[in-house]
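When the chains are written out, they are named A, B and C in that same order, and each has its own residue count from 1.
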Amino acid sequence: MRARLPLQFLIGAAIFAAFALAALVSFLWVPHDVTALNIAAKLAPPSREYPLGTDHFGRDMLSMLMVGARTSIAVAILAVGIGMLAGVPLGLWAAARRGSLIDEIIMRGNDLVFAFPSLVIAILITAVFGPSATNAIIAIGIFNIPVFARVSRGAALSLWTRDFIMAARVAGKRAFRISLEHILPNIANVLIVQGTIQFSLGILAEAGLSYVGLGAQPPTPSWGRMLAEAQTMIYTAPRLAILPGLAIVLAVLGLNLMGDGLRDLLDPRLRRARQ
Amino acid sequence: MIRYLARRLLSLALSLIAASIVIFAVIEVIPGDPAAYMLGLNASPEAVEALRDQLGLNGTAFSRYLDWAGGLLQGDFGQSYTYRVPVAELIGERIQVSLPLAAYALALTVLIAFPVGLIAAARRGRPADWGIMAATQLGIAIPNFWFAMLLVLLFAVKLHWFSAGGFPGWEGGLAAGLKALTLPAIALALPQASILARVMRSSLIDTLHQDYIRTARAKGLTRRQALLRHALRNGLIPVLTIMGLQFSFLLAGAIIIENVFFLPGLGRLIFQAITQRDLIVVESVVMLLVFAVIVVNFVVDIAYGAADPRLRRRR
Amino acid sequence: MFNRLKLAIAALALSASAALAAKDTITLGMVLEPPNLDPTAGAAAAIDEVVYANIFEGLTRFGPDGSILPALAESWEISDDGKVYTFTLHGGVKFHDDTEMEATDVKFSLDRARAEDSTNAQKALFAGIESVEALDPRTVRVTLKNPDGLFPFKMAWGDAVIVAPESIGKAATHPIGTGPFRFVKWVKGDRVEIERNPDYWGAPVKLSHATFKFISDPNAAFAAMMAGDVDAFPNFPAPETLEQFRADPRFRVIVGSTEGETILSTNNKAGPLADIRVRKAIAHAINRQEIIDGAMFGYGTPIGTHFAPHNPAYVDLRALSKHDPELSKKLLKEAGQEGLRLRLMLPPPTYARRGGEIVASQLRAVGIETEITNLEWAQWLEQVFKGKDYDLTIVSHTEPMDIGIYARPDYYFQYDNPAFRDLMDQLNLATAPTRRAAILGAAQAMIARDYVNGYLFQLAKTGVANAKIRGLWENAPTQANDLTGVYWEE
C-alpha cells in the first residue's frame, strides 16, 4: 500500500518532467526556428529533418510543441502564482480574524468570484484588454485566488486551535506574526498539493482560451491554438490536431498524478495532525 | 434562526448588488461601439451617431446603470442592440437549449459516475479500482473540446449516426432534440463524470471508516452490504454538493462545446454578444447566471443551517 | 385567416408532390449570423446574404456576373442632361403582407435612406439625389444633383431595396419585401427559414423552402458539410479542406471571384510609415504567391492595386511591387529605418489571421519586426478603423468599385492626395466608358505608385455544394445568396 503511493507520483513527475525539460531546452535550442515560415514545406510528413512533420505553414511540429510547452507552463505557473500571492494572505487573514466582519467580507467575496462563470469573465477580460498571454494569465489567475483563500483559511483554522499556537499567543505574538511564522509553514503541504492541481487546471484553461483565440498570440506557439488551427486539416494531416491534443492530455495527466500522489503522501500526516 | 436568515438575506442582497456593479463596470470599459459594429466599414459618422441615439447609448454611466438595474428588478432585461428584440426573449430561446443540455450532461455524469465510483470503492486497492482511477485521471485530463472534435469525426462525419451539430428545436419532437444534444452532452459529461466518480469513491471510503460502519460490520454485515446499506446514503452528501456545482458550471461553461456543435445556447449567445458588442445582452445574461449561482448557494446554506444549528454561528 | 388556410392547403399540396418530385428544399451554411434582417439599417454582409434578391428587391439588381439588371423597375429613361431618371415599375407587385408595391413606396424608401437621421450604412449611394417624385402608381422620377451614369448601379445595392412604410418598423426581425421568397422564422443563433412566395410577380422559383444555417467555426462548417447537415456553403471558411471536397464525388467545389481586394492596409500617417520609402520597402518585402498559397491554399488572384482583376478597367501593376527583399532592405537603410518595429492588427477572417502570420514572417526577413494582435471585428472597427490606432492591418474591401475610398483623407489608411481626389471628381462627371476606364486606370496607378497599401490578392469565392445543386452564384458581384435560380438536379 505505502509502496504504491510514490509510484503514482513518480509516473506523474516523470511525464511532467519530460515536458518541463522540453520547455527548458527550447529556450536554448529547437530543431527549427518556429517564427520562420516555409510555405513550400507545408504539411510535410514526418522525416529525419522534421521528426513530427510540419504544420500548414511549414513549421517544424516538434519545435512548435516544445515552445508550446513553454507557453502552457509559463501561463499556468504565473496564474498559480497570482492565486497564491493574493489568495493565501487573504485566507490567512480571514482565519486569524475568524467570525469577524473581515472574515465575512473575504469569504463572501470568494463566493462572489466563484459565482461568476469563469470562461465568460476570461472572454470579457480579453475583450477589454485584448487577447494576449498576459491577459490569459490574469483571467486564469483571478479564479485561482478564491481557491487558495478558501484552502488556506480552512487549513489555518484547524491550526489556530492547536497548543503551539496557543503558546505563541500567550507569549504575546501578534496574529500577523503567528500567521507568518507558525501557520504558513504548516499549511505549505496543502498549498503545494492545491498548487499542483491548479497548475494542471491552468494548463487546461490556457488550452481552452487559446483554442477560442484568446490566449498567446501568434507567432508564439500555443497548444490550444495549434489544435484550433489544425482542426480542419484533420483528414489531410491528422497528426496536426492529434499531437497538441496529446501534449495537453499528457501534461495535465502528469500534473494530476503528481498532485494526487503528493496528497496521498501528505495526507496521513495531516490526518494525524488533526487528531 | 430568524436572525440567521436575516443576516444571510442581507448578505445575499449585498452580493447581488456587488455583482451587478462589477459586471456593469467591466462592460463599461470594453472598447468597441455597437453602433459602429452594426453599420460596418463604409458607414458615415453621422449614421453611427444617429444609431447611437436610437439605441440609447448616449447618457451618463450612472444613469444607464440605474436604468439597467432598475429594469432587472422589474424583470425587464432590456432590448438587444443587434437583434432588436427583448433580451428576455433571447434568453428564453437559448435556455431551451442550455438547460436541457446541462441536465442531459449531468444525467450522463451521474449515470457513469455512480456505478463507477461505487465499484472503485467496493474494490478498493484491487485491479478494478486501479483501472477506474487511471481511466478517470485520463478523463479529467482530456480537454472537452478536443474530445468533442473526435466525437464529431467518428459519429457524424464517418458513421453518420448523429449530425455534426445544430439544434432542430423542440417542436421537431423530443427524440430529435435529444439526439442533437447527445454528442455535446457526452463531451461535457466525460470530465465531469471522472471528477464525480473520484469524489464518490473517496467519500464512500471515508464513510466506511466511520464508527457506525464499523459497528455494522461488527454485527456481521459484509463489506459490500455495509457499503450499500449505510455508507452510500451518508457518502452522498459531498457528492450532491459537487453535483450542484457541476450543474451551474455546465449551464455557463458549455461555451466552447456550443461552438464546436454550433448550438444556439446561452454560452454562444454571450460569446456572440461580446464580439458584436451587444453589451446589454452580455450584462443581463452574465447577471442572470451569477444570480442563479448565488441563489443556489444561498438555498444550500439555509438548508445546511436548518439541518445543523452549529453552522449558523460558525459562518 | 382565410389566407392562412389557403396557404396551409398550398403547403400541403406542395409537400405531397415534393415526395414524388425532386428535392425542393435547401439548407445553406453561412459563417456569420446577421444581427438583424433589415438591409437598409445595417451593413453586415450577412444581412444581404440572407435577404438580397430573396426577400427584398430594389429598382435594379446585380446579376450573377455583376451586370445591372432591371428588378422592380421594368425600364428607365435618362434625360439628356443625365440628371433625371424616370423609372417604370412592374405592375401587380405585392409585398409579402399583401399590400401593393407602388411608386409611393419607392419614394418612401429612397427618402428614408437619404434623410438626416437615416441609419442606412451606405448613405453615400443616395447623396446625389435631389428629389424623388411619384408621378403615378407605376412611375417614379428621380432628379439628381449632378449627372451620374452609375445611378442604376447604386440602386442595385442591398442597401437600396424597396420597403413599405407599413412594415419597415418590424423589418429587423420580420422582413417584408417583394421578393420570390418570404420570411418564415428566425431561430436566433441557429438559422433563418424562408419559403416560396406564391404571389410573386416574376417567374416562380423552384425551391419551396430554404434554410440559412449559421456556423462560424470552420471545423464545425467542415463537419456539417461532410455530415450532410447543410447542402451548400457558398463562402466556405476553410480553404484547406477544399481538396478534400474536390476528391469526394458527393460535392462540388465552386470557385469564383469576389469584389474583395485583400490589402495590407497601412496607416499613412503613423511615424515611419509616412515615408514613402518605408511603404515601398514593405511592398517589395511581400511575396503574394506565398501568402495565397499559405493562407488561402492557392485560392486568390494576386493584385498590384486596389481594383478587381475581372473588371475590364483593371490595370496589372504588380511589377511596381514585385517581391525583392534586397531592394526592401536598401530602401529601409536609405530611410534610416533599420530595426523598424510595427504593430500588425488582424481581424478574425482566415485570410487576415493566416495571411498576417505570413506577412509578419516576410517582413521579418527584411528586418521589420511586427507585433501581431488578433482583434474581434468590434474592436477592429473601434481601434483600427475609427481610432486609426494601428500601423498595419489586413482586411478585404468587399464593396464593388470602392477605389473612391482613397479620396477620403480621414479614411483609416489616411491617404491624403488632392490629385487623387481630383481624379475621382472627374470620374463622377464622366459618362463615356472609355473616358471612365482611362480615369480609373490613372487612379489605380496613382495609389500603386504612392504605395498607399500593400496590395495582396483578390479574395476568391470558394464554395462547397452538394453535387446535385445547380444555379448557385459562382462569383460574388455583391454579397448575396441569390436562390432564385437554384434547383436540384434530378
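Everything below uses one rule, namely that a residue touches a chain if its C-beta (ideal position, glycine included) is under 8 Å from a C-beta of that chain, and two chains touch if they have at least 3 such contacts.
What you are looking at is a predicted structure, and each value in this text was computed from that prediction instead of being measured.
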{"item": "Pair of chains with maximal C-beta contact number", "value": "B-C"}
{"item": "By mean Cα position, the chain sitting nearest the middle", "value": "B"}
{"item": "Where chain A and chain C are represented by their mean Cα positions, the distance between them in whole Å", "value": "45"}
{"item": "Distance between chain centroids, defined by C-alpha means - chain B, chain C (Å)", "value": "39"}
{"item": "CA centroid of chain A to CA centroid of chain B, Å", "value": "22"}
{"item": "Junction residues of chain B, two or more chains touched", "value": "31-32, 149, 153, 259, 274-275"}
{"item": "Residues of chain C touching at least two other chains", "value": "219, 376, 379"}
{"item": "Multi-partner residues of chain A (each touching 2 or more other chains)", "value": "127, 231, 234"}
{"item": "Contact footprint of chain B on chain C as seen in their complex", "value": "33, 35-36, 41-45, 116-124, 172-173, 187-191, 213-217, 219-220, 223-224, 226-229, 376-379, 381-383, 385-386, 397, 399, 402, 405"}
{"item": "Complex contacts: residues of chain B adjacent to chain A", "value": "11, 14-15, 18-19, 22, 26-27, 29-32, 125, 137-138, 140-143, 145-146, 149, 153, 252-253, 255-256, 259, 267, 270-271, 274-275, 282, 286, 289-290, 293-294, 297, 314-315"}
{"item": "Residue ranges of chain C in contact with chain A within the complex", "value": "218-219, 222, 238, 240-241, 243-244, 290, 293-294, 348, 353-354, 356-358, 360-361, 364, 372-376, 379"}
{"item": "Touching residues (chain side chain B, partner chain C) in the complex", "value": "31-34, 36-44, 46-47, 50-51, 54, 82-85, 90, 93-94, 149, 152-153, 156-157, 160, 163-167, 169, 259-265, 268-269, 272, 274-278"}
{"item": "Complex contact set, residues of chain A against chain B", "value": "1, 99, 104, 107-108, 111-112, 114-121, 123-125, 127-128, 200, 204, 207-208, 211-212, 224, 227, 231, 234, 241, 245, 248-250, 252-253, 256-257, 260"}
